[in-house]
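Per-chain numbering from 1; labels A, B, C and D assigned in written order.
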Amino acid sequence: MNSPIRVTVWGENHHENSERDRAAMAERYPEGMHGAVAAGIKELLGDAVEVRTATHQEPDHGLTEEVLENTDVLTWWGHMAHDTVDDAVVDRVHQRVLGGMGLLALHSAHFSKIFIKLMATSCSLSWRNSRDTELVWTVSPSHPIAQGVPQPIVIDEQEMYGEFFDIPEPDELVFLSTFTGGEVFRSGVCYRRGKGKVFYFSPGDQDYPVYHHPDIKRVLANAVEWAAPAASADFQPPAVRNQPEPFFAAELKQKESADV
Amino acid sequence: MNSPIRVTVWGENHHENSERDRAAMAERYPEGMHGAVAAGIKELLGDAVEVRTATHQEPDHGLTEEVLENTDVLTWWGHMAHDTVDDAVVDRVHQRVLGGMGLLALHSAHFSKIFIKLMATSCSLSWRNSRDTELVWTVSPSHPIAQGVPQPIVIDEQEMYGEFFDIPEPDELVFLSTFTGGEVFRSGVCYRRGKGKVFYFSPGDQDYPVYHHPDIKRVLANAVEWAAPAASADFQPPAVRNQPEPFFAAELKQKESADV
Amino acid sequence: MNSPIRVTVWGENHHENSERDRAAMAERYPEGMHGAVAAGIKELLGDAVEVRTATHQEPDHGLTEEVLENTDVLTWWGHMAHDTVDDAVVDRVHQRVLGGMGLLALHSAHFSKIFIKLMATSCSLSWRNSRDTELVWTVSPSHPIAQGVPQPIVIDEQEMYGEFFDIPEPDELVFLSTFTGGEVFRSGVCYRRGKGKVFYFSPGDQDYPVYHHPDIKRVLANAVEWAAPAASADFQPPAVRNQPEPFFAAELKQKESADV
Amino acid sequence: MNSPIRVTVWGENHHENSERDRAAMAERYPEGMHGAVAAGIKELLGDAVEVRTATHQEPDHGLTEEVLENTDVLTWWGHMAHDTVDDAVVDRVHQRVLGGMGLLALHSAHFSKIFIKLMATSCSLSWRNSRDTELVWTVSPSHPIAQGVPQPIVIDEQEMYGEFFDIPEPDELVFLSTFTGGEVFRSGVCYRRGKGKVFYFSPGDQDYPVYHHPDIKRVLANAVEWAAPAASADFQPPAVRNQPEPFFAAELKQKESADV
C-alpha cells in the first residue's frame, strides 16, 4: 500500500481533565494519553501513516462520518466515560469496522461499548491496581504484531488484568501477560469481524507511563500496519445478495452416500 | 448429567398463521415448525430431554425469566418478525447464554436479533429460493454433532444459502453445504460465548419439509446434547473480580530478556 | 456411551527404576507414575472406565496391536527414553489416533516421538527445575476438561515450563499456567487430528507428587471423557475415496461473478 | 521489507517427461508446471521477488542447504514421485519452515512427504478426474491472500478434490471450492508451524491449464507475500531454553481460590 495509513487515535480524555488526576497526568502525559499513543505511532511509522487524534469532548466525539470515512485504523482508549459515548457513534464505528477499518482497543477499552459490541460477551476480567510488574510474553513469534520486541516485554509498573477474561476465543493469540501477583492475561488478541480486523492490547493504564515504553510503542505501530485494510478496500460491510443466478444448471444424479 | 436436558424450542410461528402460507404449512407442519423441531428432539433423545415450545405470540414471546431459568438449551427459528422481538427478551436470552445456556440458531435465524448480537457481524449471506438440492458435508468427523449422519446428507429441496456468510471465524466448523446452483455455505458452525455454546445450522426452510428429514433430526438432537451446559452450571455470566489478593508476593529480579 | 471407556496408561517407568531416583520415587509414587495416573482415573470415573497400564520395558512397549485395538484413550508419560521408543510402535499409535483414539500427552511427553509427530513442530519450550509454585488458570470455563476445578489450581511445587512453547495454535486453549518466576505456559491444549482428539497437559513432574493432587486427577479424568471416541467409532483413519460418482449432473450456466 | 522475497518454485517435473504425458504437457506447459508457476509469480510481483525453480531430478532435488538458506518462500508441486523424495531433504525443508520459511503446497502436494509431515494427518481426500468445473469461493474477504479475485473464481475444467479432507482445523480458512458434481473442498487453508507459514491451495492439475488462469496466478502471488517471513527472520527453529533465570523472586502468598 503506497498511500499512508490514515490513523485516528481516539482518547476519552477524562483523566487528563479530572480534578483528581489532572496534575499527575500533565506530568505523565502532557499531550494526553491520546497524544502519547499518536506520537509513538508517528515516531515509528513516519511517512507510512497520517495520524490524527479525536476525543470524547468533541462534537460526535470527534468521530463524524467524514472522519471515519478518512480513517483506515482507529485506536480506542476509554475508561470512566464508556456509558456516555453516543450509541449512534458506536454503530457508525461498528459499521466501518465491518467494512474494513482496523480497530485497536486499548487497556480499559475492554469495557468500551464498541469492544463489547464486537465481542458480544461481558468482557469482564479480574483486576488489581497495586503496581504489579507485568511481563508480556510472545506466543506467536512469526505474527507481524510481535516483530521487534523482546521475550518478554518488561513493564515495571502496571495495573493487573487477569483471567478469566470473558472474550470469544481469539482468531490469533499473540501475547500473554503475567503479573507479580501470579495472574495471567491474554493481553494481545486478534479478531476478524466482517472485513475488518480488531486487536485488543491490554498494557496501558492512566496511572503508569506505559505508552512511553519503547516496546509498547513498537507493538502499537505493528498493530496499525497489521490492522490496515487492503489498498482496494471499499469499506462496504458485507451485504446480502438476493436471488443471484445459479452458476450451475444441475440436477441430482444419485443419492447413495458414504459414511464419514 | 443424569437429570434431563431442559430444551425450549422457540418458534416465530408466523408462516403457520399467515394468510398466504397457512394452508401449505398446515399440511407440511401441522404442529408448526416448532412442533416439528420439538418432536424430532423428543423422538431421538427420549427421557434424556424435557422439551417445551414457546412462540412469538405469547407474553414475553414465551421467554419469561422463569422459562429461561428452566432452560438448558434454547432453539430459535424466526424469519419475518425479527424486528418485532422485544429487545429486553433478547438481552435476557443473551445473558442466559453467557451464563451457560446452549443456543441453536436455525436457518433464517441468521438474521434474528439474538444471533446478530452474538456474532457482532452483519450475518448477511447470499440466497435464492429455487428448489435447489442441498448436500450437507461433514468436515469434522469426530465432532459430536456429526455422529450418525451420512456423508453427505442429501436434502432434495431447500432454499439456497451461500457465501459470503458474514460471521466470525467459527470455533469449530462441522458442516459445509453445496447446492445445485454451485454455491457453498458454512452450514454448521460452533461458537463459545461466555460460558455458553452456540450452534448455527442452516437447513430448514418454511417452504420445505426439512425438519422431518431423519438426518436433520439427528443433527439437532446431537446439537442439543453438545450445547447442554455442565451439570454444575450456575448460569451466572462471568463477572468482574475487583482487587483480588495476589497469589504471589513477588518482586522483579532481573530484566534481561531474550529475543523470541 | 454405555460401555466403559477403555483407558491405557503408558509409563516410561525409567525414574522408578533408575539408580538415582529409585528411592525417592518409591516413596512418592510407590506404584510408579503410571500407577498413580491410573489410580486417579479409576478413583474418579469408577465403572465408566476400564484402566490398564503399559510400560516401556514390556514387549512392544506394552502397546501391541491387540492392546491398541482395545484402547479408547491412551495417556503417555515419558522423559528420559523418548529416543528408544520403537518407531513402529509410534506409527501404530499415530494411526490409531487418526482412527479415533484419544491421546493425553503428559508433562515431559511434549518431547515424545508421538507428540512431536502429531504437532509437526519442535515442541521446544523453556524450563527450570527450582521448586516453583505453579498456578493453573482456566481460560475456557465451559470446556468439559475444566469442570470442577478451582480458579486457579495451585500446585505448591513443580518444574517450570514456559513460553515460547513451539506447538501449533491449539484448537482449544483450556489452561494457562504461571510460575513463581513470572513465566507463563499454555498448559492445557486440545487438538483434533484425523478422527482422534489430543490433549496436552503439562503439570506432572517426576520430582513432585503432582499426580496425587486432587485437582490434577480431576483434569485427567475430565480429559479421558473428553477424548473418548464416539460409541460408533470404527477406528479407521480417514481414507481416500477414488472416483466417486458425482451427486449432481451439472453444467456451467454462467460465468458472471461478483466481487466479495 | 525492501529486499526482494526469494522464491523457489519446486516441481516434480514428472509428467513433463513421461512417455504418456509429454506431448500434452509440452503444449499446456511448455516451460513445465514449475515454469508456469514461476512465471505467474514474476509477472505479478515483479521486482518484489527473485524467483528460481528447482526440480526433483536435480541433485538433492535442487534443494541443497545453500538453496534453502536463500529461500524465503518455497512452493511445492508433486504427484507421482512423492515416495522417491529423499527424507533428508524433507527434514531440511521442515526445519527451514519451522525457522520461518513460507511454504505453498499445491494441488496433489497434499500427499507430498513435507505436507503430510507438517499436517501430521493422512491428508486423504475424495477425488474424481472428469472435467468438473470448479468454483473457488472466498470465505475470508479481508484476508491478504483473497485480495483482487472475483467471487467466485471460475475454473472451467479441473480435477475434483472433495471432503472429507483429513487435515487439522486450519488456522485460517480462506477458500472453499465446489464442483459440478456437487462436492465441496477446503481449497485454501493457512497454518503456522514454528515460525513459518504454510498455505495449501488445491487448484492446479497437470491435465488442465490452471496455472495460466489469471485469478489463480493472483492467489499464488498473494500467498507468496503472505508467507514471506519478517525482514528480521533468523531462520532458527524455536529452541529449548534451559534453566533461564526467573524474572520474579516470589513466594506463594495465599491459596484461596475462586471458582470460575
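Just so it is clear, a contact is a pair of C-beta atoms (placed from the backbone, for glycine too) under 8 Å apart; a residue touches a chain by one contact, two chains touch by 3 or more.
Chain identities (UniProt): A, B, C, D = Trehalose utilization protein.
From a predicted model like this one, the values you see are computed outputs, not experimental measurements.
Two chain pairs, C-D and A-D, are compared here, and C-D has more C-beta pairs in contact (counted per touch definition above).
Two copies of one chain, subunit A and subunit C, touch each other, and the residues they use overlap strongly: the shared fraction of interface numbers exceeds half.
We define each chain's centre as the mean of its Cα atoms; on that basis subunit A and subunit D are separated by 31 Å. For the pair subunit A and subunit C, the distance between mean C-alpha positions equals 35 Å. If you average the CA atoms of subunit C and of subunit D, the two centres end up 29 Å from each other. Residues of subunit B found to touch two or more other chains are 133, 135, 138, 140-141, 151-152, 154, 162, 164, 169, 171-172, 180-183, 192, 194, 238, 241, 244-248, 250-253, 255, 258, 260. Viewed as a network of touching protein chains, the structure reduces to a complete graph with every chain in contact with every other. Of all residues in subunit D, only 100, 133, 135, 140-142, 144, 147-148, 152, 154, 164, 171-172, 180-182, 192, 194-197, 229-230, 232, 238, 247-248, 250, 252-253, 260 touch subunit A in the complex they form. Note for the complex: subunit B touches subunit A at residues 94, 98, 117-122, 124-130, 132-133, 138, 141, 146, 150-154, 156, 160, 162, 164, 166, 168-169, 171, 179-183, 191-194, 237-248, 250-252, 255, 257-260.
Subunit A makes touch with subunit C in their complex at residues 133, 135, 137-141, 151, 162-165, 169, 172-173, 176-178, 180, 182-184, 186, 238, 241, 244-256, 258, 260.
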